[in-house]
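The same chain A turns up in both complexes below, where it pairs with chain B and then with chain C.
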Partner chain A sequence: MLGHRLSAAAAAAIAIVLAASTAAAHAFLDHASPAVGSTVPGAPSAVTMWFTQQLEPAFTTATVTDAGGKSVASGAAQVDPKDPTELRVPLKPLPPGTYSVSWHALSVDTHTTEGHFTFAVAGR
Partner chain B sequence: MDSLLIAARAVHFAATISVAGVFAFLCFVIRAEAPVPLARRLRWLAVASLALAALSGAAWLVLLSARISGEGFTAALTRGAAATVLLHTRFGTVWSLRAGLAAALAVLLALPARWRGKGWRWVGLALGAALLGLLGWAGHGGATPGRPGELHLAGDIVHLLAAGAWVGALVPLALALAETGEAEPGGGAAGTGQIRALVWRFSVLAAVSVGFLLAGGIVNTWFLAGTVPALIGTLYGRLLLAKITLFVAMVAFGSVNLLRMSPRLAPAAARDAGPLRAALGHLRRNALVEAVLAALVIGLVATLGILPPGLHSEPGWPLPFRIELALLSPPAVAVLALAAALAATFAVAAAASAAAGHYRRAAIAGSGLALCALVAALVLRPAAQPAYPTSFYAPAEPYAAASVAHGARLYAENCALCHGRDGKGDGPAAASLPRRPADLTAPHLFAHTPGDLFWWVSHGKGGVMPGFAPVMNPADRWDVINFIRARAAGILSRTLGAQVTRAIAPRVPDFAFETGHTQHTLDRLLSHGPVLVVLFTGPPPPARLAQLQALRARFATAGPALLILDLDPGGAAPEAAGMARVEPRAAAILPLFRSPADGGETDLLLDRAGEVRARWTAASAGGPVAASALTVATEQIRELPPAAESHAGHVH
Partner chain C sequence: MHRDWCRGLAAAAAAALLPGAEAAAHGFAGDRFFPATILTDDPFVASEMSLPTVTLNPTQSDGSRELDLGSDLSMAITPKWDFTIGSDWAHIRSPGLPVVTGGTGLTTGTQYQLFINAPHEAMALAGLDVTWRNTGNLAAGAPDFTTMSPTIDFGKGFGDLPAALSWLRPFALTGNIAVDFPVQTKTNGTLNPNDVFYGFAVEYSIPYLQSEVKDIGLGTPFNRMIPLVEFALTSPFNRGYAGTTTGTVQPGMIWAGQYFQVGAEMIIPTNSLSGHGIGGVVQLHFYLDDLFPHGIGRPITQW
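For the complex of A and B:
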């Protein structure tokens, strides 16, 4: 019982020490569709990424490539004018396989960030 | 390239602060038309600062464009990156506006005195303040989204303007003091009266500005460094601490001026020219020392602005221990708070006494401060926990199904030999070891940060466990840690029942699922509120499914959302009945949160942080979850203190 209480207290302490305000001074990937690392049953028509901060369209890009490194985008990556935290890459019809997305973002406070993730399309 | 950008930023900050400061000095300290020689010097100071601001602003734009586009300095100009930044980014918009303001200021300063009009100083102050304040939109503060962003931006602007009013007015003050010293070589009652009024008004301006600087600075520190590890463990945080130290030194010099030098300007003390001149010299020298310290602060600010804020870097923890305040009893916390309050009082008293030259009083207050520190150290001792350089690392791999599933494989290959297949510390090799391997299933696991575990997995523990850094890359090590934590969370969750727990709550890893052809994730669903996850191991009985459908309809508006899953890999989830399909990896790890004794159904009520707060099973006395129990539990979850952002798997 004491162990429980101690661990609860410890966890609370950690949470307090680490309780970070959610401010983001750089644009980081918040979530994506298809989800980062996930497997989707059907081919998605686009990859959409949501960032923690507003993006500068002029300097924000993303590429989607297949296992062979060939681009599978059907158009350029676009920042949504209505929601500048959203970046969308339209896709060609994807056969089953693993695809990797790399993004390069400039936030409105002039900081660049980049990252990559993969998703998979399952065979039917 | 970066050092050039930092230099351009530093010069630009300093020059802009100086422009605004000259007008603040004219409006708030001189308050009338300055005597001609001083007016001329101040005008030249403003013109030179403005020219420097324009040049350094242009350099900032070009260097930033080169950095953003990844091109060289000249390529940024010739190939259009600078133009794109100027015309198509928010930074460019802010810069265009500021260029307009600078042009207006140039016109104002170029006008002959008789054309300027009476209120020209106030016009200049407004333009200078706008030129300075707009810098807030070019910094970290302008980019935080939503309501906190507005607060952060406001904090930034207040900070900038206060810096302009105090720091920017230091050089004008030194000029004015030099001027009065020359103009009134013999002192004279009228002259000293003017100087005293001037120094007094400057002190008021400085004191008010320091108050605003502190307020803005605290807001900024909270947003950008926010935590103790971020403050002392990252380059950003350490530079910020250096900046605060320099700021304290500046305030100290200012206090000496106010408390010790200005009384010497009093009429009685100023009969002789000698002491008066000495006091004036001290005042001027201290103002210039403050200005030099301010220049160092501005250099740090210029550097901080291009670094990632402390909250977004991995903090290297420099101490062999960490303090966990939650381990302290309430009386101990009260003693600590009292000691802190007393220490602050003693510190202020000691500083004020020293500045005013009362060294014995300062020594007494200093001893009081030391005593408070000793008491605080004694009280904090039991709250000290061992810590490692990586203790406050955030997991580099998200706490999600993919990572946990991969970690499970790595665990079986690398860890099970000693820690056992199920993590109880009873692997085949355990008996031959000098010390029993740790039981990784005990709730005690959560007393350690993920960063503590990362240290042990990387570098070994107790001279028995080997370090895995040579054979596993960091991502793999985080996967193993995510798996270990998910397994312990699952075991802990089995101890929960219908009664909502307030203690440590085990967190379910994120996973993706589909309804229809749409993909969702648990974390996205949780962002709308609590979720009831209903796990079946096989096709659910149609009658139960109908009940759950009714439950979903009933809680549709108030929440929780219902997520009904069949973990049977061969099972065809009937989507028509409102069930979702999970990807195979999630189906493999979710059984960590079940027990064979549960029967066919396990219900997990998750709070917004994804932590299991209540649990029902088909086999439990009250049966699986029903509307009344869910209403009560959901109500209790809402009453819980808002969950601190969970550290497990939160990745920036």
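For the complex of A and C:
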């Protein structure tokens, strides 16, 4: 009886996964360059973020600001057309300091997620 | 303000242009993702399903030991309102007695999201659960009386702590408090007390650590793990049962993927009334809103 119940539960769980072959989930930040919370020796030319899902370019944004809250982006955030999981923000030349990244992503299943992190550029 | 307005416009445009409307993903309050905890109720409305939850309870004072096989389904009616249904099947071995098996009763519920505060990673809901009489085997623990249980569930992430405490920002607390009101105070000569149930879960999110605070380089599968400790106590407070509090402490781990999560916890009784020895629970939990974003995972209406 117990074995039959467990088998039925396992079969139902497998059926759910098989039925969901077209699933697409919300986008988590997988990793970034510069890395989250890191200190880099030189000014990066861009902040690049990789997500766990493909992004909708029209509704995905990111900003990079200095300690005073002023934008240091040299252009708009762009989703890479060849790799829609990648979001890139080009940067102006950055002096040493701490910078904040704020992103808002809409994944292809229309779920929204957002996040914030910092990185630092070391002084000479 | 301007940025918020632009986001609102983008959301409206997405709702119009994309196959499904833009929606907050399940269990999110701002940057915080709350996993579905095993012992304590989740503080968010969602379409999700636990199948199965397998629980080997600690040995009871009479020497009996119970294995439960459970399932729960939650379906969002609107983005802020859902309906739940759940049931357990029990297999009880007692010394010198035949094995008892059967359902432990059907529970249904409805929940309304009171608020989600993104900047402070906070959320709460109010709900009403009903455990129905005579919907299982009385010998397996199914009740012969219906119980109504209003509940408040909450969640709070600590991502708003100052930068000096950044390593504490991945912590989060969820919890719930409920009061049981049996519809009949006495059935078959037995008094049915009112109970207060209170439970908490303390979590440390590795995904939050690596995406918000410091990428420490943990890869798959460790980058999706959330160690936690859950506590739950049930305290009857009348009809001769006052002072008979029972409860468990459950340290464990949840691995939260994109479409499902897997959780495992030890079960440690808090006192002799709650049993002795160690038990355990494992759960497979599906995010139906991610598995079927344009089907049964969507709220029925967007009101």
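Rule of thumb we're sticking to: the second predicted complex is superposed on the first by the 100 of 124 C-alpha atoms of A that agree within 3 Å, B and C clash if a C-alpha of one lies under 4 Å from a C-alpha of the other, contacts with A are read in each partner's own complex, and residues count from 1 in each chain.
As a working rule, a residue touches a chain if its C-beta (ideal position, glycine included) is under 8 Å from a C-beta of that chain, and two chains touch if they have at least 3 such contacts.
Small disclaimer: the values here were computed from a predicted structure and weren't measured.
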Chain A residues touched by each partner, larger count belonging to chain B or chain C: B
First (chain B), second (chain C), both or neither touched by A:Phe59: both
Touched partner set for A:His31, first chain B, second chain C, both or neither: both
Partner chain(s) touched by A:His116 [first = chain B, second = chain C, both, neither]: second
Partner chain(s) touched by A:Leu106 [first = chain B, second = chain C, both, neither]: both
Partner chain(s) touched by A:Gln78 [first = chain B, second = chain C, both, neither]: neither
A:Thr48 touches, of chain B and chain C: first, second, both or neither? neither
Chain B versus chain C as contact partner of A:Val40, first or second or both or neither: first
Footprint overlap on chain A, where chain B in one structure and chain C in the other make contact: 5-6, 9-10, 12-13, 16-17, 19-20, 23-26, 28, 31, 35-38, 52-53, 56, 58-59, 106, 109-112
Of all residues in chain A, those that touch chain B in their complex: 3-26, 28, 31, 33-42, 44, 52-54, 56-59, 85, 106-112
Complex contact set, residues of chain C against chain A: 7, 10-11, 13-14, 18-25, 28, 30-31, 33, 49, 51-52, 54, 67, 69, 71, 89, 91, 101, 118, 166, 207, 210-215, 258-260, 284, 286-287, 289-294
Complex contact set, residues of chain B against chain A: 64, 67-69, 84-85, 88-91, 138-145, 148-149, 152, 222-224, 226-230, 306, 308-309, 311-312, 322, 324-327, 385, 392, 394, 398, 400, 402-403, 442-444, 446-449, 503-504, 512, 514, 517, 519, 521, 523-524, 581, 583-585, 643-647, 650, 652
Complex contacts: residues of chain A adjacent to chain C: 1-2, 5-6, 9-10, 12-13, 16-17, 19-20, 23-26, 28-29, 31-32, 35-38, 52-53, 56, 58-59, 61, 104, 106, 109-117
